[in-house]
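Remarks on the structure that follows.
In this document, chain identifiers A, B, C and D correspond to the written order of the chains, with residue numbering beginning at 1 in each.
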Amino acid sequence: MSKLRVAVLGARGRIGAEAVKAIEAAEDMELVAALGRGDKLETLAEAGAQVAVELTTPASVMGNLDFLIRHGIHGVVGTTGWTEDRLAQLTTWLAGSPRTGVLIAPNFSIGAVLTMRFAAQAARYFESVEVVELHHPNKVDAPSGTATRTAQLIAAARAEAGLGAQPDATATALDGARGADVDGVPVHAIRLRGLLAHQEVLLGGEGETLTIRHDSLHHSSFMPGILLGARRVTQTPGLTFGLEHFLDLG
Amino acid sequence: MSKLRVAVLGARGRIGAEAVKAIEAAEDMELVAALGRGDKLETLAEAGAQVAVELTTPASVMGNLDFLIRHGIHGVVGTTGWTEDRLAQLTTWLAGSPRTGVLIAPNFSIGAVLTMRFAAQAARYFESVEVVELHHPNKVDAPSGTATRTAQLIAAARAEAGLGAQPDATATALDGARGADVDGVPVHAIRLRGLLAHQEVLLGGEGETLTIRHDSLHHSSFMPGILLGARRVTQTPGLTFGLEHFLDLG
Amino acid sequence: MSKLRVAVLGARGRIGAEAVKAIEAAEDMELVAALGRGDKLETLAEAGAQVAVELTTPASVMGNLDFLIRHGIHGVVGTTGWTEDRLAQLTTWLAGSPRTGVLIAPNFSIGAVLTMRFAAQAARYFESVEVVELHHPNKVDAPSGTATRTAQLIAAARAEAGLGAQPDATATALDGARGADVDGVPVHAIRLRGLLAHQEVLLGGEGETLTIRHDSLHHSSFMPGILLGARRVTQTPGLTFGLEHFLDLG
Amino acid sequence: MSKLRVAVLGARGRIGAEAVKAIEAAEDMELVAALGRGDKLETLAEAGAQVAVELTTPASVMGNLDFLIRHGIHGVVGTTGWTEDRLAQLTTWLAGSPRTGVLIAPNFSIGAVLTMRFAAQAARYFESVEVVELHHPNKVDAPSGTATRTAQLIAAARAEAGLGAQPDATATALDGARGADVDGVPVHAIRLRGLLAHQEVLLGGEGETLTIRHDSLHHSSFMPGILLGARRVTQTPGLTFGLEHFLDLG
């Protein structure tokens, strides 16, 4: 079987460098180009890249994707900053190249994606649910984007299942004790030296609780998701938003 | 909306008595009969039961189901001891009453069912997976049936995904340190005063882990699953084995 | 060896009834009196009680202790509502009966007491520490009294060790995300159906974390502490505040 | 205040290199020598080292300590392989240099040391206790040395408190399910990709459990313990075995 020809854009960043190594180590892939700032995109076409992993910046990503789609190179995109306008533009470009696929994933950690998915699936079956995220103390925002997104997905699942407000008899509370309210789901943020990035979803019903916890101990945790994305995007024309669509969870 | 007319068989047992209370408390149900040992099954028909919750013994269950199916009463069955012969017999009976549904569930805890399902779904995406179950010290078997079943489902999912043996460099070990081997999945059983029934599935991949934990703190945890079963079985003719088939996990 | 003669005051309350059973079951104790509201205190003296377990109300406790101390009966007190005035009064009474001992314990759960103690001991060795308490959703206050007390003990230990403010780069946060601030220690309160009373202290330093967790699954968890208190108070004249003083933690 | 003059032996190993950086970063210390294999010990004396951190090999450690003690340089030793003979030899040498102190620590992680200590202290108050250790799958022994040592300390504490065998009604078990038996304490070893080194001690009594968990996420976790050792050894003549003796846990 011939190997999948993969390139990396943003290859000199921290995650990009990791991706270069992961692709080199994958038996079914060949790294054909590793571009950094200032390198020419034409290299990708000359190298015969089938998939490009895009790990640059919001300022560069649209230009890069324009090039990729025009050349029929599939994209696996970790760069952030997506707006409706940008997604609409991308969809238009993809319409002109109907065999090309682009995966945009806010999070390439399979564990994080599964946590969100399982939490949303379970949410309809439990009266109570709260989210706790735990990070190193250098993090500047609280709660994390992933925790906020998880709470929103949970809230949507509860609404769809017709669940009302969560039971909570709290009458007197210290400010902040009950966490932040994200669409009715309490979210708590812990900052602790020694931690990296962790999230726990606690669901409670009559006589039982279900806990789904994701621990991210190294940013290498993004690599299996990036490789999976590269393999699947070649068979998935058009725009896919979210790695969960490439997981077999039937 | 008229209420669902529900009966309980085995109503004087511990779980049965709980079920009686749960049905009485459910706004969409009416308890129409609560039978114990020696009570006449005819009562069910006279009371107009639409669903019977069967929580008796392996010695009684087949006779009870024969009666239920002949009278077109749907069954929600928590009694254990199912063999292939028994299931075949049941299928034959149900063929003769094509509108009647029977749900047999080895475990009515929604949390336990979701834990098994999520563990099996996630298993294909992680190199390593182990199961830890924790129970009160009066339990006579180790590991628990639920843990063994969970490990088997995980092993099947790994096999289907083409995963090989788990990484494990252990060269010298004390006997038992690495747990019991269930189809290649290590299972560890903890017995601790103060606990009831708990299970944790740990999945590990490059740089991250995913943990799914179920804590059963009271046998009332079976009630939401029994009620859900009673509601759904009326719309599900034939035999359904496992509560997971009644959960919306699409 | 002759058995310790123990009485219970407040024997018809939920905890009191549990205490009666626990004393009856203890091989080294004899239950000599079980008094409820309206019963005469003289019964205690007539029954030859050596120790009385006081589980009544703030309105009754001072009268009861006055009687106990005058009769040289040791007291193990779980009733709450202690003020400096009340403690001063008690000390005066005890000065007049120099062989009598009284233990007042805000919490008889040995696990809860050890959690607080270990948390305070460890606090001086870690840069970061946060407290998470988890309770059933019918609880009216947040955070729990135990969590607040734990955070205060941790804060005092940090101050004594010369530790400054905890590292926390949070620049933008949703209201409440970082929990309640108790003397500089973040405290988070989770309310979940299915839970009883749980507390977790998370400590983090360079490259490592230490977690101390207490799960209270039944109020029978107070009994070992009450029995231990009854045994030790007979050898500990004067006032002892807090079960931790009766634990051998040298 | 003048800075403590500290040297490192084994400075080119992984932990040694980390120690060099940690000492350089410590405000109250000055790194005066960093020796690797083949470097002359005389450098230590010439540099005026007050404390040497010894992180070499069992083959080198005795010669190094002989030199240190003869020159009145305090030692903080992480090298393993201690036997009674070696410790006796060391004691003899130290007798000839009564102001010199040597700390030998099998584990410099403060979190690991506190876990062992707290587990042993708590063990006497709980009927049940089990140890779970979790490591990366490249580890060759199971259970870990730390887990075995923890179980032994727990077993000793239980024996001292007069506790008998743990409650366990297990009648039928799969081989290995109940873990390894270390002096009557079950020890379970989990191997999972994505983990580094983790340990959990679970204690259970009537109605409650206490869990003490240590997560080691990076070997930098040894540094605070090494620095603390270097500060305290200068005021502690003679041989000290175990970092716990330098922690204030009164």
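The criterion applied here is as follows: contacts are C-beta pairs under 8 Å (C-beta built on N, C-alpha and C of every residue); 3 or more make two chains touch, one makes a residue touch a chain.
Composition by chain, UniProt nomenclature: A, B, C, D = 4-hydroxy-tetrahydrodipicolinate reductase.
Owing to the predicted nature of the structure, the values given are computational and were not obtained by experimental measurement.
S.K.: Which chains make contact with subunit B and with subunit C at once?
M.R.: Joint contacts, listed by label: A, D.
S.K.: Once you count every C-beta pair in contact for both, which comes out on top, C-D or B-D?
M.R.: Ranking C-D and B-D by C-beta contacts puts B-D first.
S.K.: Find the chain most remote from subunit B, comparing centres computed as mean CA coordinates.
M.R.: Ranked by distance of C-alpha centres from subunit B, the top chain is D.
S.K.: List the interface residue numbers of subunit A and of subunit B, divide the shared ones by all numbers used, and answer same when the ratio is over half, different when under half.
M.R.: Same, since over half the interface numbering is common to both chains.
S.K.: Give the pair among B-C, A-D or B-D whose set of contact pairs overlaps with that of A-C by over half, matching residues by number.
M.R.: More than half of the contact pairs of A-C reappear in B-D.
S.K.: Can you give the whole-Å distance between the Cα centres of subunit A and subunit D?
M.R.: 40
S.K.: When the C-alpha atoms of subunit C and subunit D are each averaged to a single point, how far apart are the two points in Å?
M.R.: About 33 Å separates the centre of subunit C from that of subunit D.
S.K.: Could you work out how far the Cα centre of subunit B sits from that of subunit D, in whole Å?
M.R.: Taking the mean C-alpha position of each chain, the two centres sit 46 Å apart.
S.K.: If you look at subunit C, which of its residues touch at least two other chains?
M.R.: Where subunit C meets two or more other chains at a single residue, that happens at 126, 194-195, 203, 205-209, 215, 217-218, 221.
S.K.: Within the complex, which stretch of subunit D touches subunit C?
M.R.: These residues of subunit D touch subunit C: 109-112, 114-115, 118, 121-122, 124-126, 203, 205-224, 247-249.
S.K.: Name, in rising order, each residue of subunit B that touches subunit D in their complex.
M.R.: These residues of subunit B touch subunit D: 126-130, 132, 134, 137-143, 148, 166-182, 186-195, 202-209.
S.K.: Spell out the residues on subunit C that touch subunit B in their complex, using ranges where they run on.
M.R.: Counting only subunit C, the residues touching subunit B are 194-196, 215, 217-218, 221.
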